[in-house]
Amino acid sequence: MINTICLNSNSRTFDENCLAADISELRLEEGNVIWADVSDPTSHDFEELAEEFGFHHLSIEDCQNTHQRPKVEEYTGYYFIVLYEAELVGPNDRLELRELNIFLGKNYLVTVHSRPIRAIETAKRLWHEWTDRSDQGAGLLAYLLIDAIVDDYLPLLDIMSERMDELEDSIFGEWRAEVIEEIFSIKKKLLYLRRAITPLRDVFNMLLRREQPIFPRETHVYFQDVFDHLIRVADTIDTLRDILGSTMDAYLSVWGNRMYKVTKRLTSISTIFMSVTLIAGIYGMNFALMPELRWRYGYVYALTSMVVVGLALYAYLKKVKWI
Amino acid sequence: MINTICLNSNSRTFDENCLAADISELRLEEGNVIWADVSDPTSHDFEELAEEFGFHHLSIEDCQNTHQRPKVEEYTGYYFIVLYEAELVGPNDRLELRELNIFLGKNYLVTVHSRPIRAIETAKRLWHEWTDRSDQGAGLLAYLLIDAIVDDYLPLLDIMSERMDELEDSIFGEWRAEVIEEIFSIKKKLLYLRRAITPLRDVFNMLLRREQPIFPRETHVYFQDVFDHLIRVADTIDTLRDILGSTMDAYLSVWGNRMYKVTKRLTSISTIFMSVTLIAGIYGMNFALMPELRWRYGYVYALTSMVVVGLALYAYLKKVKWI
Amino acid sequence: MINTICLNSNSRTFDENCLAADISELRLEEGNVIWADVSDPTSHDFEELAEEFGFHHLSIEDCQNTHQRPKVEEYTGYYFIVLYEAELVGPNDRLELRELNIFLGKNYLVTVHSRPIRAIETAKRLWHEWTDRSDQGAGLLAYLLIDAIVDDYLPLLDIMSERMDELEDSIFGEWRAEVIEEIFSIKKKLLYLRRAITPLRDVFNMLLRREQPIFPRETHVYFQDVFDHLIRVADTIDTLRDILGSTMDAYLSVWGNRMYKVTKRLTSISTIFMSVTLIAGIYGMNFALMPELRWRYGYVYALTSMVVVGLALYAYLKKVKWI
Amino acid sequence: MINTICLNSNSRTFDENCLAADISELRLEEGNVIWADVSDPTSHDFEELAEEFGFHHLSIEDCQNTHQRPKVEEYTGYYFIVLYEAELVGPNDRLELRELNIFLGKNYLVTVHSRPIRAIETAKRLWHEWTDRSDQGAGLLAYLLIDAIVDDYLPLLDIMSERMDELEDSIFGEWRAEVIEEIFSIKKKLLYLRRAITPLRDVFNMLLRREQPIFPRETHVYFQDVFDHLIRVADTIDTLRDILGSTMDAYLSVWGNRMYKVTKRLTSISTIFMSVTLIAGIYGMNFALMPELRWRYGYVYALTSMVVVGLALYAYLKKVKWI
Amino acid sequence: MINTICLNSNSRTFDENCLAADISELRLEEGNVIWADVSDPTSHDFEELAEEFGFHHLSIEDCQNTHQRPKVEEYTGYYFIVLYEAELVGPNDRLELRELNIFLGKNYLVTVHSRPIRAIETAKRLWHEWTDRSDQGAGLLAYLLIDAIVDDYLPLLDIMSERMDELEDSIFGEWRAEVIEEIFSIKKKLLYLRRAITPLRDVFNMLLRREQPIFPRETHVYFQDVFDHLIRVADTIDTLRDILGSTMDAYLSVWGNRMYKVTKRLTSISTIFMSVTLIAGIYGMNFALMPELRWRYGYVYALTSMVVVGLALYAYLKKVKWI
């Protein structure tokens, strides 16, 4: 389904209910910027787009295949951009990455997506508020959209960061086996987020360093800003990965410590029981002549010696911190 | 054996049964594109090729030696390309890498391989379908062939990715020792796939950034597309490697956890048995005066105290989660 | 709150109590350098700054959002710099990173921060002392400020380095479990310090390598000096991280060693007790005909053999260093 | 000892028994290419070389010092090349790296080595066979020599690769402790091979990318070929290192598995014996009133209950795969 | 204290006892090269130097602060170089890094250090011997000095390499716990050496690749030589670090092996003793009817069965290599 919005930067009018069929006419009018938002695209929609805007068949094919890698490709007269909106959904904070394809031309923006993209609403709202800068056209619109998506990564990373702090506390505090499963799950999410961001960062870096024929100098500073946010997101992901790595190391070391303790305890308990049992074993021998067996307080003496030996060993092992 | 296909971009004719002997003539005709597919090449075939197309003896030698690394080399008038088609074969999903050598000239394409290459059939089929773009000649043909090979890596990586998800589940679920062997086997496959892809990616990157004398601008966008797919495959391999690495880490941590549990259990069982056995040991002593031995319910008392001590310890160890 | 300091490089006067309202006038005067220090900025302050100096709204927005990444951005006519002052505070040496935003123009410096920055006092003091170089204007002032912040990282790293030496000694000496927690805590601090420094280093590297339109050649050498200090701080952080990494490795190896020792000891103690208990067990058997049981010194003989076997095993295990 | 070979590319003559003393004369003749092979060089030989060819004293000094790193250095009028021939020698496959110094001028090649170099014979042989390309002079000669050395790394790496496959099998199959020693030994060899190859690869990369004043364009393609082989060797070494790394990981994981098994077995055996011994302990008590002791089949009952308990535990532990 | 040496490259005279006060005059004389060696510099010395040679106050400040990072900085008319001489001192082979600051101008060399530098003597000696190349002035002098320092790293690394070979042998041979402490100590030394060398390598790389205004082309080849040695030292350090890393891995694996062995032995010993003790336990039961107890050779039979069971188990466990 194609929704068309048309904005005129001269008259500063804003029409949200244009007909897709009128795009050709609207594009001819001076100062018009067209935003065609295509959700759940059909192959018919693609044909229409290709015909109307003259998109290269390779970019249309990329658009039809899902699971593209995030990228910015330059075609004659337009940029083809793929990026992903990220959200944690459901009770288990499952990571959802929603693909958004953007065709960005001099005076139009075509967005294609099969799932609803929150950033589109944000961009529309800001577009209304920023009408004083509306002379910057499709470039500014693309900035608002991409920036809304990129900025949405940060609160998501904050949630992960907080979860990691809790995990870290639980490692040094009460020991829970499930910690590993959670660390592993966060690690994977970071991996996918990183994969969704770093290619964009690298491409924007390249784009900003060379001559930009399509957009004017004033728009350039906005793309610089997106690039800055991309770096920030990528940096944060890398920092979280580093912290996660050392959380993992800490987990293993703490495990080592506990293993060491439990083995010392096993040794200690064995030592105490074995020595006490030995005494019982000695007085269980059947020698005809064992003076202690005839003593009046022989049994008491044996029990006492058991307790004394047991307690002495316990005290010693307690002192050297083996128990 | 040399199979020759000739296509004329002006008349849009397509002749699959040309004779190898006619190549010289066919090449002279305006608008003709020749594809010579050499399977199981003999040294005679190589001589013929070298003579007909004037290939440098170093590229012919590379072609004769198998196990070349994937590469793109520029010789005067043609490119020499080595790449590998990947497939999982047999019941154990053994990875098979089949070498394909390509000589790509202005109006000809020579493919040399000793094992059948599936992508050749795919490329032929698309070549029939895409006749409307046939004016782009040998460049487009090379694109179809290379892209078919590169795209075939993705379903293969999907299979591995699914297998890895299962392995991951089995790590946190029921413990199986063979998991390690499988992780290791996938790791090696990824290593070989990576080795087959990354050199190509680097070379295409270099090729695309400089002046391209052989092919026209319009073909350039197709090679850009191959490059994009190469990056995507390489990125996916790297992501899978990262996930595999953390699966390995998870395996080790889970192992640590189980080791810790089993050692705690050993300690617990030893403690219970040793304490109960100690009671039996005490009443096995032969002291003349042991009042309990004369008690009417001495035996019952002893057994009861054993059960009580055993259960009490068990309850305690259960509570602190040692058993 | 805006504090304004005005310095005239011709008359070498220094006025610390200018009114913020006079900035426009002061800026017009030849040779004047204005330093507007904004602490706890209100949105009104931001408006005033934007109006007075003509700052781009994107840089003002960055300034309003805290937790920016350290960076240097070039806008028309000024640089926008974000950096962090680091301090260890409180009894637990908690790492505090205080954000400082700098707008650096040809003849003005605007510093914005929500927490007090120590380096501002240092820069003011040096500015008084270095009046003989006052002709270098706002560039020198920025140098003094940034250098004061960067140099403050070094004593902080020295404290960490000393703490790490102690930790290392404690690993090879008396074993303490908390070592891991401390290593982990230092590791995280280094991670945050690194994140606060390396982006600056990279940006300065880029800035110094290209044409610098705003500042004269003589000021360049000062920024080279800041860059040199940035590298030094970053290098020191990396070295500390490397040392910490091998401290961690050493910890694990030493743990392995101790685990090995305690398991050997467990085996040794079990062996000794089991063999001695076996003797007691043998003479506890109830055979009608056991000659030793009738011997006069049978009991003494049994006890002696126990002691002999126990000591012999102990001596042997001591010799092979198992106990 | 200096051996001199002289080749004339015009007359295609080949003289292997020139006198070292005649080099000066031979060099003057048009079309002559001189190869002076110096084995076990004396300081007199070095003086002669320096005088005859005008070598810089720094390159002569490098040549006299052994254990140089592999490199290509450009001096006025000649290249100074250091590289290493690799061979596995002796029963333990000890890695031997034999240094070869090459001075490569427009129409001469000087090779200096203290141990016999196999590649020199190979190069001589090919030089005879390739006389049809003899117009390419000293450059081609250098190509033949360097390529022979570089290509010799590949069979050597194949041997290592096969050995590694065996090691891998033995890790998952029958467990041998010496595996670690072998892995470690191969790891070191790969380290030394890598050190002998990668600097050359980097230097050739640099050389090929810039203007080459000494050799003509046609020779360039040969050096491109050497570079390609260098990359291939370096890539193979890196792949082997990666595989070795994961073999090491597999070793550790398998070790963990076996450790886990043996600890479970220890726990199982202890549990069975302790429970059975407990029964014996109970009937070893000396209570006056223990009904079972008077039973006719008391003893059989006791033994039976021991066997039953023992077998039941064994069956259970077998079922849960602890034994 | 300032020691001044003056050399005249025309007259090839060499005066070691010049007065610091005469430097100004000596510098004016054509062909003179001045070497001012400042040991234990006072602030007065620094003032004198700054005045005489016109050093920038930032380079003087760097010189006064110790613990600079190694670097080469270009100031107007001179280079400021910081590097470190390395030596192993004392019985524990403690690593000592001695800082040397060099100001290198067109016809002068100023060296500043607070501890005696051995390389200064070496450079003086070679300077006497190399008078035939004295026309290359201060550049050659700097070469001799820096090269003497860099070359001194190699024997030091050889000592470490030998020590590492011994450690490696001891890992696979007789097991010593202190190995870890030594590995860790060498690791730290390599870290510090690397930190002292790699920045220099990077700076020299940069210096050699661009136009060098101060020194003539002939001196360039000497700095190329220093660069080559820097790479060699850095490469050797990296190789040693790699070997150390795999020594560490080997240590851990061998530890694992020994741990496995000792646990198997513990299990074996427990099994043997428990089974033998069980027999004793059985015949210690007090059943009224136990036929064996009445047998004439019951006791012998019991002892024999103990020995048989014990030996059989021992033989079996020996066979499966558990003991």
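A, B, C, D and E label the chains in the order they appear, each numbered from 1.
Going forward, contacts are C-beta pairs under 8 Å (C-beta built on N, C-alpha and C of every residue); 3 or more make two chains touch, one makes a residue touch a chain.
All values reported here derive from a predicted model rather than from experimental measurement.
Of all chains in the assembly, those touching chain B and also chain E are D.
Once the centre of each chain is set as its mean CA position, chain D and chain E turn out to be 25 Å apart. Computed centre separation for the pair chain A/chain D is 41 angstrom, with centres defined by C-alpha atoms.
Along chain C, residues 252, 259, 263, 266, 270, 274, 277, 281, 284-286, 290 each make contact with two or more other chains.
Following the touch contacts around the ring from chain B toward chain D yields the chain order B, D, E, C, A.
Chain E contributes residues 168, 172, 221-222, 224-225, 228, 231-232, 235, 239, 242-243, 246-247, 249-250, 252-254, 256-257, 259-260, 263-264, 266-267, 270-271, 274-275, 277-278, 281-282, 284-291 to its touches with chain D in the complex.
Within the complex, the chain C residues that touch chain A are 56, 58, 62, 68-69, 71, 73, 75, 177, 180-181, 184, 187-188, 191-192, 195, 199, 248, 251-252, 255, 258-259, 262-263, 265-266, 269-270, 273-274, 276-277, 280-281, 283-286, 290, 292-299, 302-303, 306.
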